[in-house]
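Each chain gets a letter, A, B and C, in the order it is written, and its residues are counted from 1.
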Amino acid sequence: MELELRGITKRFGAFTANDQISLKVEPGQIHSLLGENGAGKSTLMNVLFGLLRPDEGEILIDGVVTSITDSGEAVRRGIGMVHQHFMLVPVFSVTENVVLGFEPTKSLNRVDYRQATEDIHRLSRQFNLDVDPDAIVENLPVGLQQRVEILKALSHDAELLILDEPTAVLTPQEIDSLMEIMRSLAAAGKSILFITHKLKEVKAVADVITVIRQGRVVGTAEPSASESELASLMVGRDVRLTVEKTPYDPGDEVLEVRDLVVLDDRGLVAVNSVSLDVRAGEVLALAGVQGNGQTEFVEALVGMRPVQSGTITLHGRDITNLTPRQALDVGLGHIPEDRQRDGLVLSMSVADNLVLNTPRRAPFARHGTRNLSAVNENAQRLVRDFDIRTTSIQEPASSLSGGNQQKVIVARELSRSLEFLVASQPTRGLDVGSIEYVHRQIIEHRNRGNGSLIVSSELDEVLALGDRIAVMYEGRISGVVDPTASRESIGLLMAGHTTETASV
Amino acid sequence: MVTFFALVLGLAFGALVIVTTTPAVLDAWRAIFHGWNGLPHALNLTFNNVGAAYRSMFTGSVVDPQGLWHSITTGNGWTNTLTPISETLTYATPLVIASIGVGIAFQTGLFNIGANGQAVTGGIAGAVVGSMLHMPEIVHLPLTLLAGIAGGMICGAVPGVLKAYTGAHEVIVTLMFNYVTYAFLLFMVLSTPFQQPGQQNDIGRTMDHSAQLAPLFGTSSGLRVSYGVFVAAAVVVFAWWLLNRSSLGFDFRVTGANPSAARASGINARSVIVVVFLISGGLAGLAGVVQVASTTHYVDGGFLIGNAGIGFTAITVALLGRNRPMGIVWSALLFAALGVGGRNMQATTGIPLDLATVIQSAIVLMVATPVLVKEIFRLRSAATTTVQLATTGWGS
Amino acid sequence: MGLVSLVDATAATRVAIPVKNRRTRVIAVIMGLFGVFTVFVFGFGSTSGAHSSFTFNPINLANAPWRVGSLTVVTRWTDVVLGVVMVALATEMFLRRPRRGVMARFGFVAVLFLLGLLFWAARTPGPSPTSSVNITAILVGSSAAAMVLIFGSLSGVMCERSGVVNIAIEGQFIGGAFLGSMIASTTHDFFFAALGGLFVGGLIGLVLAFLSLRYRSDQIIVGVVLVTMLSSLSSYLNLQVFTPFPNFNTGILAPNLPIPLLSKIPILGPVFFNQSGFFYVMIVLVAVVSFALFKTRYGLHVRAVGEHPRAAATVGISVIRVRYINVVLGGAIAGLGGVAFMATQGQFQVGYTSGYGYIALAALIFGRWRPSGAVVASIIFGLSVYLSYNLVTYNVPISLYILQMFPYLITIAVVAGLIGRVRAPAADGQPYLRD
């Protein structure tokens, strides 16, 4: 199908998420929409898929102006979406998920599962998407779950497939696999709208690239454009892709982890006998695709998850299986992966959030009674020192932007005297300015001679920050390299090869 | 603002119930089908009946303006004039205490639906200590109150511990405990030495004078309002300090607003849950013993019984007062006025007291919707707690 | 470049190390304690000559073509054997720590415990065929309670599978019983009474749905407030209507409709085939709900809405509509249950539903949100409720009131001990946010 967007505009109150966006996707074309987090890509996709209605502009399908009132309508028109967070019911089987809403029926409104399974087999063969129809979705690995999402869209006779940040949760090999699928779908005449913020992927597979920034289209490019050209378009200025660091001069070991075994929520092994060390004045970056045990590893470090076996020592002192309270008291700083869930209480004030970890410690409280003036003084100071943009320290944290919310957490952690900092996906969802800021803070912390562990699935961040890079795959460290290693070799480590086979 | 409209809507709903269940009024409305000229009569009757009902509620709970004028001018009859307010305060006193207990739990994201059972247990404990131990007042009264608190705490500890260590949803446990305590009450007043000597019925012993909460203005004044109001005032101050100034209260509010962040920032969810239930249960128990000690001075089989017992009213009062101590005080006064006024309404117009409860519930239903949505959202998100203790809806 | 073998990234290679499942062990210990209690208190606690006699003949069907003789057992050893079996099951579960079927085992042990209690309660110092316990009568009696609980838990299934918690079942029972009594007393027609129950229950469900879905109120709070309101309303109307006009509340009971041949089957015949119309309707309803929920398109949509409403919405299913329908239907079923309660209990009295609505919720959870499980749980709970009221006729030296606490305590135990392993529909209780 040929899809055209003309002048799509969507506002949320005073904020304009999409501003006169126009683009065209030809049949059989892979059109990539490139933009940072917060650029307006998700809003645009929600408009296209009928989940939001545009304030201005029109959508043309095969030259005809169409109004898409809800997702049912979008699907009927042949638009299929593969969501970033899968729209699959975990306890249902593949078949049940694929046919949901479009079930073949027998008498008495019964679902004809036999017919459904046949249809799935047919589609699988046609598009080379192998999957077991009876498998329960929550037991499938992420790559296969995504295939089910794609199958679902195809089964609705989608002519245009929107892929929303599909590679966030895939290994490099799975990404290659996905690109093969995209190419074959395009060859079969489907149009593909591929949304991402990753420059390399865009260059690898797109036919046409539309770059959007702050709600507007700022340019179109060919895949032959250089990465720095694309990056400048995306952020509007020359981006410094590295951060200045003092020379690497590690001191003694600060954190030692030996043979750590940690289980996940379902009782399966998530961290499989991991050992690593971090020294003073060093940033150890833990790289890897999300879902390989990094989350559970961090949770075990800060006391939020029990350790099955193995030890964690900080300055020689055993800190295995401490409670979160004890971990904080011992000097561990934690910037959590999900800042809104674990790091902040959005309904409480900025001032309260800035003492969230240490509300009982002097001077913030004495004998069980809080000292509000000390809390407020602390908040004023931190807001100034860390440049947190807020109208008042009494405002609820929910009124801050994502970047400023992260700054609150960073300020809170780095203003204590820490023995060790653990940061998990510290710049997720932040704009470039905030990313630079957070990186600078982490490096300064390191330059002062402290040790930290940064977990990130963004390869650029890992390469920029890490003095050493450990890669985690399926609960094990598949290799430790220095930042001069090639992206390819790290990618292979992320896919499970060990350093022997991954040397490039 | 919305609270005001909710009040209006609740009263309107009550008026509707009055109209549909008073035969004379209903007949008058039915007569309209025979001709529009029946309308003025129907309206007249409606206004008269509803007006009489609500007027008697007001004079029964606040003051009768005529009586007030009489007392001011002649200096006599103060007892009659002040009785309504006194009754309202008497009714409100235990209600405030129980509602604050429930409100504290709500602010922590916990539903203490068992406040009624905890009040019953507290009342029993207090009545036992008050009637079966004999000692001078200076010791007896505080001991009695403490017994009530302890009784409520024990009753509240069970759901708290179960929730903290097994993730059991406190709604079902506390609801079930209500029924368990009713049976316990009957057991106590019928099968144990606690039964009133010489009685075959389900009445417990009367408390000694030394254990009672005496009327503020003395027994001869005829006004029932007791020293219990000081207890209630102390509870309000305590609750304010706890929630707004204490570290513990900070932990409570963080847990209620975002249990994951609470856990990540070092708060021990388990101990918070147990402590909250101890406090909430203890306060409900205190409410129970204050109720007994200031009014009937004995418990019987019907003590706090039914779905409209003080513990359930406390839930609606806490909601209306947005779980904050001062708000709770005002809404408790309102509900007490409705209850006391309802009694007068029943006496003068014959409309049963239950109508007052119906109005109360209607008010709360109205309020529990748009305005409280944000508040309730915080409560709802509080229900998705940590790995160990998840209660999304029911279980992990 | 070294040799690179393409790892099939999709192969799951995680090793599943069995979890030291503490909770299963705790439950096993509780089961074991029940067993030990049975052995020592019920078993060795009976004198060696004590016998328990049971008859199985229906009391009101005199011309049964088959009569089964009575069964007399030696109390002590029967109970000891029962207890040993319970301990054996408990030990097996403790050691093997199975991940499935935990609740089924617990339920089985609970039934054995109740049996042991029964044997013990019915004992006489020597074999005495004159004082015997009529098992059939017990089963018939508890079937009334079980029936009401099944209606309630079916209502819960309907609502919660679509993601809405229905605490107001107790209120729907009250409403159904009240209106049903009015209609049945005046028209002597239980069919119309049933319709009334459906109407009132559905109406309450509509209010719950409206407040929860449209205004996104907390479903639990709305449910509790609704029950409070309905309880007061029923008390008020009882005084306004029933007291002055007792002909509206005669306490008429629904007649039994025996199925000709089947009701004469020994032991179980009267239990299943000599019941009121409500019982038969209940059976049909269980079958219909099970079928609808797990085999039909409608059921797939309902379950999707209850687990992952966004996923359902993106394929064009209207989450709000599905929830409205289910909550109203669920409410209607509970209302019908209220009528059924009245039809077997008699005259409406304030508060006489005594928490059955909440016990039904526990049965729902125990039964893992499936109709079949809810039925089994309701039967167990119905048995314990019935026994708690009727054991007093046998010389059981436990205070009557303690016995009456029993069903509620069991409910707490169920909810506390077992809930950790149970998965509610994932979106249960969460308000749905449209973008």
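Criterion: a contact is a pair of C-beta atoms (placed from the backbone, for glycine too) under 8 Å apart; a residue touches a chain by one contact, two chains touch by 3 or more.
Fair warning: this is a prediction, and the values are worked out from it, not measured in the lab.
Chain C has the Cα centre that lies closest to the mean of all protein Cα atoms in view. Looking at A-B and A-C side by side, the one with more C-beta contacts is A-C.
With centres defined as mean CA coordinates, chain C is found 31 Å away from chain B. Chain B has its Cα centroid 49 Å from the Cα centroid of chain A. Here the CA centre of chain A is 45 Å from the CA centre of chain C.
The residues of chain A never reach two or more other chains; the list is empty.
Shown for chain C are the residues in touch with two or more other chains, namely 423, 426.
On the side of chain C, the complex with chain A involves touching residues 1-7, 9-19, 295-298, 300-301, 303-304, 307-308, 310-317, 423, 426, 435. Of all residues in chain B, those touching chain C in their complex are 17, 21, 111, 113, 162, 166-169, 171-173, 175-180, 183-184, 186-187, 190-191, 305-308, 312, 315-316, 319, 352, 354-355, 357-358, 361-362, 364-365, 368-370, 372-373, 376-377, 379-380, 383, 392-396.
Across the interface of their complex, chain B is touched by residues 23, 160, 165, 167, 211, 215-218, 220-222, 224-229, 231-233, 235-237, 239-241, 350-351, 354-355, 358, 361-362, 365, 399, 401-402, 404-405, 408-409, 411-412, 415-417, 419-420, 422-426, 428-431 of chain C.
Chain A contributes residues 46, 49, 51-52, 70-72, 75, 81, 83, 86-92, 96-97, 100-103, 105, 108-111, 139, 141, 143-144, 171, 173-174, 177, 263, 267-269, 272, 308, 474-475, 492, 495-497, 500-504 to its touches with chain C in the complex. By the touch criterion stated above, chain B contacts chain A in their complex at residues 241, 245-248, 250-251, 253-254, 257-258, 260-268, 378, 387.
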